[in-house]
Amino acid sequence: MKQIKQIAGKALAGLFLIYVVVVCLGPLIWVFFQAFKTNKEILISAFALPKAFRLDGFRVALETAPILLYFRNSVVISVVNTGITVVAVSMAAYMTARFQFRGKRFFTLMLSSSLLIPVSSLLMPIYLLLTKMGMIDTMRGLILIYAALGLPTSLFILQSTFQGIPRELEEAAYIDGAGVFYTFFTIILPIAKPGVATAATLHFITSWNEFMFALVMTKSASVRTLPLALNYFTSQFSFNYTAMFAAIVLSILPSILVFICLQEQITASMVSGSLKG
Amino acid sequence: MRIKKHILFVFLLPCLLLFALIYLLPIGVVAVTSFTSWKIGTDIRFCGVDNYLQAVKDPNVGVALLHTLFWVVLQATVHVALGVTLALILSRRRRGWRAIRTISMIPNIIPASALAIIFLRVFDANGLINSLLQAVTGKPVQIQWYFQVKTAMIPVTLSWLIYSGLITILVLAAIMGVSSELSDSAKIDGARGLQIDFLVILPIIRNTIGTAVIIAATSMLKEFELIFLTTNGGPGNKTLNMPLYLYKTSLIENNYGYGNAMGVMLIVLGVGIVFAVNKLFRMDESVY
Amino acid sequence: MKKRRLAVIAAALGTVMLAGCGQGSGSGGSAQATTQAAESAAASSAEEPAAKAEAKEGAGEVIQIDYPTFMCGTASVAGWFQERCQAFNEQYAGKYEIVVEEIPNTQDYVDKMKVLYSSDSLPDVVNTGGYNIIDMMQDKLVDLTPYVDEEWRSTMSDIGIAVNSRDGKLYGIPSTRQLVGYFYNKDLFAQAGIEAPAKTWDEFFEQCEALKQAGIVPMSMDTADSGWCTSLFLGAMTASNEAGEEFMNTLQPRDYNVPEFIDAVAKVQRLFQEYTTPDSIGGDYAAAANNFQNEITAMIANGPWMVQNFYDTTKCEEGFYEKVGTAMYPEGTMYNAAQTGWHVAAKTPEKIEAAIEMIKFMTSEESQKLYLEVTGNICDRNLTSDKVYPLVNEVIENAAVSTYNINDYQSLWYANVVDEVSVQYPLLAQGEMTPEEFAAALTAAAEKNEK
C-alpha cells in the first residue's frame, strides 16, 4: 500500500514537472522559431516550424533599431541600479527584521505602499523632478528611478531572509564586541547570500524589461534601453514580425544568462555548506 | 533587540532617500490631485470628494474592482500554491532540478508584449487550444477564447496564473536555507516526505510564503500589459481591471484627477492586503 | 580602525552583490568600485553628445531643433524622413540642426507628448501623424499665422488649412492627406463572377454573398487597436447620404444615436457574422492585412501606404500587386480629408524661426513629391508624378470623382471613443449587443470628455 502511494506520488510529481516544462519552455521555443520565419509564415501558420533557417530577421532587426547600443545601455543601467537597490534595501531590511524601533511598522508600510502605486500616475511628477535635478535623458535618472522601483519587493524578500537567520550567530559577535556594521557586512550578509541573490535577480529582470519610464524619461539613443527597441517593428500600419521576434530573442538571452549565473551562485553557496543552522 | 538611533538612521538612510525622491512626491501629487478636477488643457481646481463620489457611481469602477479582487484572491492562493508545490518538488534535488528551476522562471523574463502575442495565438479561433479540442471531440471547434463574453476571463487569467516561477525561486531559496539537520532530525523522529514538508518546512518558511503571497497578490493591483495587449479590457468590460481603467482614464481620457482618485483607491486596497497578510502569517515575529 | 573595517565590509559586500558570473567580475575586488566606475562611465557617455553639441554651438552658433519623430523603424515614412533630415542638416550645416528622438509607435508618441505638455516641456517641433493634439494643447502651440506668407500659404490646400486652424489661427502646417478607399483582389472577384466593385451597399452585400458562395471569404476585418479596417467600412457605410457625410466630418461628435450611424453598425454586424474570417474578432491590422495579402480574403479597407507591401515578397507572393484593384466605397464615398501636420512648440524666437525653416523644408515641393513617390502616402500639395506606384495613382483618381468625402474616425473622434470601439466590436460581432446599444456605448464614452 505504502509503495503504491509512493509511486503514485512520484508519478504525480513527474507529471507536474512535465506540465511546468511544457508551459514555461513552450513560449521561449516558440519565440525562438518565429525569428527564423517570414512574416507570412508567422501569420498563417503560427505553430509550424520555419521552412528554412534564415538569419534575415536578425540582420533587419540590427539594421532597423539601434539594438547593440541600447543593449549596452541596458546592461549598465540594470547592473548599477540593481547594485544600489540591493545594498540600500539589505541595510534597511536588516534593521526591520532584527530590531525594534519606533515607527518600524510605519516604515515598512510606507515602503510597501510603493509596491502599489500605478505607474501612469507616477510619470508626470517624476518627470518634473528629474527635470529639476537635471537628470532627464541621463542614465543616472533611469538608474535612480529603477533603484527606487526595486525597494518594496527587495525589502520583502530580504526581510524574510534575515528573519530566517538564527540570532545566535550575531549575538555571539556582539558579545565579542563587534559593531553593527561589522557584524552585518561580514557575518549576516554572507549568510543571506541566497536571499540577496534572489532579490538581485528579480530586480535585474524587472529593470531589464521596464518600458514606460525608459520611454518618457529619455530621448537620446545614447541612454535608451532595449525594451524601446522592440517597438521599432510594429507601427500602426506596418509590421515586421520576423525582425521583432529576432529582437526579442536578442533581448531575452542576456536575462536568462544572468538568471542562470545568479542562481548557480545561490546553489553553490548552499551546497558548499556555508550555512549552518 | 534595541539599537542606537544613529546607527539605525545610517542603515535606513539610503532606502529613505530613494523613497523620498521617487515616491513621496508622486504619492503627494496623486493624493492631493485626487481631490481636484484636473483634465489635460484645463486648470486644476479643487472639487472635494467629487471624484470619489463619481467612482462610487461609475459602473466600470465596480466591475474593475470586482475583477481586480477576484484576481488578487486567485493569485494569492492558486498561483502561490503552484509555486510552492514546484519548490517542494525541486527541493528534493532530483536530477535536472536546476534546469527546471531556470525554466520555470523563463515566462517572467520574456517581455509581456511577446507573451501576449503567444497567448493570443494559442487561444485564437484557429489556435492550439481549439486544435486540441478538435482532436479530442472530433468536431470542428472555433471558440474565440479571448473575445467571447463567457470565456474571456479564462485565457486572461491563465496568462499569469500558471507562471509562478518567481514564487518558486523565492520559496526554494528559503527551503534550502532551512538547515538539512532540521529535516534530518524530523526523519529520525519518523516523519516522511510530505509530513516533513507540511509540518516542519512550511511553518518555518512562513515568512517567505507570506512575502510570496504579498508579491503575488499586489502584482494584480498593477497588472496591466497582459490585458491591454490582448483584450484591452473587452469584450465590453468583461476583463477590465483597475490598473487598466486607470490607464484609460489618465492617458486616453486625459482625466488626471479622476485617474488619481482610482490610484488612491488602489493604494488603500494594497496597504490593506499587505496588512492582512502580515497578520495572517505573523510575519512581524522572527522565526527563531 | 573603523575606517579599515568599512573598507573590508565594502569589499565583502561587493563580492556578495555582484559576484555574478563567478570568474568574470569576482576577480575585480570591490564591486562597489566597479559600480561607481560604471555609473560615472555611464554618466559621462550620456553627457558626451550634449557636450559635443555645446562645443559646436559655441563655435558656429548652431541652433538645435528638438524633434521627436514616429517616422522610424518599420513605419512607411521612415526612409523618407531619414533622407530628408540628413538633407536638411547638410543644407543648413552650421546654422540649424535637427536633433531627432525616435519614438517608433504613434500611441507611445502621443502618450509622451501628453506628459511633456503637462510638464510644460514640449519639444520644438511636433508631428503626430494625424492624431489631433490641437484642441488639447492649443495653449502651448505656436500660432503660425504671422510666419506664413501668401506665397507659402498658396501651396497649402484649403482643407489642410481648415483642419489645422482654430478661430482663424493656424496651429499646424498641413503635410498629408488621408485618401482611403478599399482594395480588392481581381482574381478572386473574377472567380465569383464579379466584374466591378459595387456601386451601392445592396450590391456590395450581393457581391459578398457571391464570394461566399464561391468559397471565398469576402472581407478582411479586425477589432484590436480600434479595428482600423472594420471602422473604415463603418464610416463609409455611415456616409451614404448627406446627413451621414456630415456626421463623418464632425469633429469630436458627442452623440452617436444617429440613424445613419446605427444603420451602418447593423451592416458591420452582418459583415462580422457572415462575411469575414473567424480570426477577425480580436484580430489586429497585421492579421487582416495578412489575410488579404495571402488571398484568403477578397477585400480590405486601407490607405495607399499599403501599396508598397504588395511588392514585399516576405509578406505576399511575387507579383501580387498585379492582382490588386482599388475602389471607392459604394455610393461614391471616399475618405478624402486633410490631417493635422507639423506643429511648433518652441519657446524662443530663434528656435521658432529654426523650426519654421525645418517645416518649410519638410513641406517643400521637392520633399512632398518624394513623400508621395517613396511612401505611397498622399501629400497635401496637389502634385502628380509618374514615379508613383500605379495603384496609388488609382486611389488619387478615385478621390477626384468621389461623391461623398469624409474624414476618418481616428482623426475625428475622441481618443476614448476610438478605444471603446475596439472593446465593443466583439460583443457586436457575437450578437451580444444591438447596434443601438453599440451607439449608446460610444455616446456614453464621448460624454466623459465634458470639461
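First chain written, first letter: the chains are A, B and C, and each begins at residue 1.
Everything that follows uses one rule, which is that a residue touches a chain if its C-beta (ideal position, glycine included) is under 8 Å from a C-beta of that chain, and two chains touch if they have at least 3 such contacts.
These figures come from a predicted structure and were not determined experimentally.
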Worksheet item: So which one's got more C-beta contacts, B-C or A-C?
Response: A-C
Discussion item. Need the most distant chain from subunit B, centre defined as the mean of C-alpha atoms.
Written reply: C
Item to complete: Give, as an integer number of Å, the spacing between the C-alpha centres of subunit B and subunit A.
Response: 15
Worksheet item: Distance from the CA centroid of subunit A to that of subunit C, rounded to the nearest Å?
Response: 33
Practice prompt. Mind pulling the residue numbers of subunit C that touch at least two other chains?
Written response: 111, 118
Worksheet, complete the sentence: Residues of subunit A that touch at least two other chains are 84, 87, 124, 181, 184, 264
Worksheet item: Do you know which subunit B residues sit against two or more other chains?
Response: 124, 251, 256
Worksheet item: Hey, which residues of subunit C end up touching subunit A in the complex?
Response: 2, 5-6, 8-10, 12-13, 16-22, 31-32, 35, 38-39, 41-43, 45-49, 66, 68, 70, 72-76, 101-108, 111-112, 115-116, 118-119, 121, 225, 228, 285-287, 290, 293-294, 302-303, 305-306, 309, 314-316
Fill in: Of all residues in subunit B, those that touch subunit A in their complex
1-4, 7-8, 11-12, 14-16, 18-19, 21-23, 25-27, 29-30, 85-86, 89, 98, 100-115, 118, 121, 124, 127-128, 162-163, 165-166, 169-170, 173-174, 176-179, 181-182, 193-194, 204-205, 207-208, 210-211, 214-215, 218, 221-222, 224, 243, 246-247, 250-251, 256, 259-260, 262-263, 266-267, 269-271, 274-275, 283-284, 286-288
Fill in: Partner subunit B, residues of subunit C touching it in the complex
111, 114, 117-118, 135-139, 223-224, 278-279, 281-282, 415-416, 419, 422-427, 430, 432-433, 441, 448-449, 451
Worksheet, complete the sentence: subunit A contacts subunit C in the complex at 38-40, 43-44, 56, 64-65, 73, 76-77, 79-80, 83-84, 86-87, 123-124, 127-128, 131, 137-140, 143, 179, 181-182, 184-186, 189-190, 193, 196, 200, 215-216, 219-223, 228, 231-243, 257-258, 261-262, 264-265
Practice prompt. Can you check the complex and tell me which residues of subunit A touch subunit B?
Written response: 9, 13, 16-17, 20-21, 23-25, 27-28, 30-31, 46-47, 84-85, 87-89, 91-92, 94-95, 97-101, 105, 107, 109-122, 124-126, 129, 144-145, 147-149, 151, 153, 155-157, 159-161, 163-168, 180-181, 184, 194-195, 197-198, 201-202, 205, 209, 227, 230, 245, 248, 251-252, 255-256, 259-260, 263-264, 266-267, 270, 275-277
